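Chains: A, B, C and D, in written order; residue numbering restarts at 1 for each.
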């Protein structure tokens, strides 16, 4: 691997890992469903960065861009559906607190 | 390479702001900002098409979805917001510590792949990959978009009671 | 020929939505029920190898890169059976023409997604179609918009996205090592660097993502909630096939074809498998919610499949795939029974029912068939798959796991018998004197599945020979 | 021609399944069952003393559908056919007013098919298939018995299921050691792993036969299940099958000899089963329950006999197996007649039936004398052989076996006295003798008891001794009168002691407040304190009191075994279950944390 790639590789992969940490923390700690969804988004951003990085270091950006475009489409659809679910939760509970969503247990 | 480094730091700061900010709406915009910075990064990493998509869809469309959902669901009163802001700091300052800790840990040993990277000598164009080689992914996109349409039809419709 | 398995459902989906709704609403059911039936007949009565040969105009326009082997055939057959049953159940349990129409549409999306999942030859495409199926099932779970359903759907979404992120990260790492995402390239790259940390992390990340999708302890938290909160017909679909395809099948495919048994953490697979068996069965024992108990039972049964997979010998693999097929049969049957009970009583709380088999004899009898098969009582189909798994484990020297697997079937028997006693046997609950058997639309799928379960058990040499044993070949 | 071996399996199985379809028509089921059972008997007779092999390719991996007919299996086949025939005949009258008839007959026929299959199969997996199938018919049979039978059925199912699981593991080990699943090719030494396999298979075999501690479902089932079922399955077929398999594993599949530690183990299990079960039988007040405890106790003799690992003992054990099947079947059938005619099997409500039902009483006497080992009935000869073997291995085993014999005799004296002699109850004044389809099986069995006793060379030379083969018999021939005079004298003494004991007890209680038929259990249950002084020097009372304490103690032991099944394991499971359910709090963060912890552990293990 060329020194140039080395310099690219670790800051970007470290950034992706930090994004994962932040996203996970956000999802785990928040009590707000929308915030949890935003945390999930941050997680997906990390994955996007990692995929593009993989394409860059192997010089195969054609493939990884195609993957990322598909990924983004799916991401949007998941967010729309999750948003719809949150909306329905709000209509049902008049609240979007995670603590309201603990009736199924045991 | 310095620009790359600055951009990475900016990305992390934007994400951190997204997580730590008190107002939900700001959090959504923070996400948009993160996406925008990421789009620039993608552009710097030789991926212009992906960057365009990231910018238009993730920085443009997804915040719209979030803002719509936020405005359809709830708006905190000013008092509740003040209280929430105080609580928040107690909950979120750990994240700063964790991020710094993980950052230090990561900087101690450079993350490097321990396999010889299979560098492609004749890079293929993204359009060729998409339209000539990965038809099945396109089919998947069509299907998932259709599913999303049904999702919108079913979930966003108000239930008549 | 193979792309038709994806393109025909897609075409039907468009066909259903272009004309005015009033025209297509009624025939929607027949269309959705006919497609999986055709698939069942195609897979059951035609040698699969022939399909690849058949040329059709699509092949010259599209490059789908699909392929079918013995494992995919078993899955295609199971998908056909379960989707057909789910369509029937949906028609008779969902209220309202519009809701039914939406259900059939999403069923088609899930059907198409699952068919594609078992045929693609590319790890990214695998991810794409897992997501197609998952998105359809999110919406299906939340469809009725009652509180538990939304809760279950949201938990599923969150955990599923976590699984997705794990898989995507793994795909990124794999691209670094292999430069491509097709099975062949990934497989050769992973076999080339067995000692690499990057490869190991990639493999394990992908497996963990699939563990979440398959609902294996301790990655299973979403599963009981989603199964028990979903509408009956959706539970049938979810428990019967969706998690089995998008979790278990992909796991088998990745471990066997892509990563190779040697490169996979066999010890981990066997451990989580055994853990799932025991924890799932223990959790199922104390449930009072019928569907939730079935959900935990599902966790437990998937454990057997993973245990067989982790063992890695050809025999164990055949047993695992056989159990996957059997599980699709008997768990679907149990959920159909749950649907019938829920339809008639309006509840799935087992404390509120007893003695139902007096009034619902068919439901009671078919559930006995299913539970005996699940618990592994001969000569029903579940016995043979468990026996093969246990034998294979023993042959490869995994004595402790064999004993766990065998003893856990006592637990299985225990919770099913207690369910049976509470729900179907005993004195009739007061206030249920006017109860009648569920309508034909719900009895019929139960009878079909019970007959198939018994038939597979009795004719198991044929099934094993024609359907399951060829699966061993994918190890080579 | 070899596929004739499929007949004994297919004929009853197919007709059994068809039987489920017959719903309304009265009488047809009985007649059809009777004809099928007769056909089965004829097939068995036709196959008797033939040697045939039949193999179909089946599932691969050495799992073949292979059947093997040779002297041992043809003998068991014949016995099964015979009992099936008699029970079918008996049922034509007995079951008339009962419910769920089509299920009963269907289970009956399918059981015959399964037993035939298990006996014939020459492949361990195939045998397991039939063996496990019996579990289902057992469950069904108990289940149709009555309202409360579900609990019993479940208990039986779980106990037998657990032991069958042991057997499955045992088969796994055996196949692993031997490298084949074909029974006739297996001949393993009893080394460390081999003995584990042997013990596991033995657990399966003896629990099918109903030895302690796998017995506790049988007495419960006796109360709930239809009586012909008790006569048929636990008393005859399962004993035959269980002891058949025990003999197979100890004679053919494993090179078991007297020096192995497994032989004393078997003998100890046998002795404990004999004594404990007979003690329990002594205090029972119900005809069927008393018999069912004896059904357990007698298995002990067979296990003891086979466990001695000397030819005389093994021959005795196998002879006892067929004898026991005969007289126990007869006893249960007599109980069935009593139940049918008098409407109850509660001994307190019975009495004086001997005059009203002379044929039943006569058969009872023959069978009871047989089971007690009175010469010259068949039980005497088989017990003598077992005693001979036991004495050869150690006097303690012999002593325990003889003690068991004493209590057996005592309890049958009590049973006969209570049910058939004494004052007749007012309610039973109008009792009539049972009808001929019920009497014929009893009479036939009773006469066989006599025949097998007086002319014991017939069964021994034709049926039993060929099983061991010439090389094992070492030129002995065990037919004819017992050779060891000491043993005969001891047996006679023990029987005389039992008679004396009964007579003394009768005298003592005969004039008491209690009815005469309470004689044998009254001192057992009676408060001892107020009469302790008076009875202190009474040897009979001391003996009975000790026996009573022992019986009570054993009752508690029995409860403990029961509790281990019903209480402890269930409690443990529930505690674990509650723990696991508490962990599912409903908070998805918790689930994500589980997943991430699992992920980290897995990655750490991989990268380490």
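Observations
In this section, a residue touches a chain if its C-beta (ideal position, glycine included) is under 8 Å from a C-beta of that chain, and two chains touch if they have at least 3 such contacts.
All values reported here derive from a predicted model rather than from experimental measurement.
Of all chains in the assembly, those touching subunit A and also subunit C are B, D.
Of the two chain pairs examined here, B-C and A-B, it is A-B that is joined by more C-beta pairs in contact. Per-chain Cα centroids separate subunit B from subunit C by 32 Å. Subunit A and subunit B, compared by their mean Cα positions, are separated by 6 Å. Subunit C and subunit D have centres, each the mean of its CA atoms, that are 44 Å apart. Distance between subunit A and subunit D, defined via averaged C-alpha coordinates, is recorded as 66 Å. Residue numbers of subunit B whose C-beta contacts span two or more other chains: 113, 117-120, 133-134, 137, 140-141, 144, 147-148, 151, 154-155, 159.
Multi-chain contact residues of subunit C (touching two or more other chains) are listed as 124, 128, 131, 135, 138-139, 142, 145, 154-155, 158, 162, 173, 176, 179, 197, 224-225, 286-287. Touching two or more other chains at once are residues 581, 584, 586, 588, 592 of subunit D. The complete set of chain-chain contacts reads A-B, A-C, A-D, B-C, C-D.
Residues 57-61, 125, 128-129, 132-133, 135-136, 150, 154, 157-158, 161-162, 165, 168-169, 172-173, 175-176, 570, 573-574, 576-578, 580-581, 584, 586, 588, 590-592, 594-595, 597-599, 602-603, 605-607 of subunit D are the ones touching subunit C in the complex.
The part of subunit B that touches subunit A in the complex is made up of residues 1, 4-5, 8, 11-12, 15-16, 18-19, 24, 27-28, 31, 34-35, 38, 41-42, 45-47, 49-50, 53-54, 57-58, 61-62, 65-66, 68-70, 72-74, 91-92, 94-95, 98-99, 102-103, 106-107, 110-113, 116-121, 123-126, 128-130, 133-134, 137, 140-141, 144-145, 147-148, 151-152, 154-156, 158-159. By the touch criterion given at the top, residues 1, 4-15, 17-19, 21-23, 25-26, 29, 32, 34-35, 37-39, 41-42, 45, 48-49, 52-53, 55-70, 72-77, 79-81, 83-88, 90-91, 95-96 of subunit A touch subunit B in their complex.
By the touch criterion given at the top, residues 24, 27-29, 98, 101-106 of subunit A touch subunit D in their complex. Remark: subunit C residues 6-7, 10, 13, 62-66, 102, 105-106, 109, 112-113, 116, 120, 122, 124-125, 128-129, 131-132, 135-136, 138-139, 142-143, 145, 173, 176-179, 189, 193, 196-199 touch subunit B in the complex.
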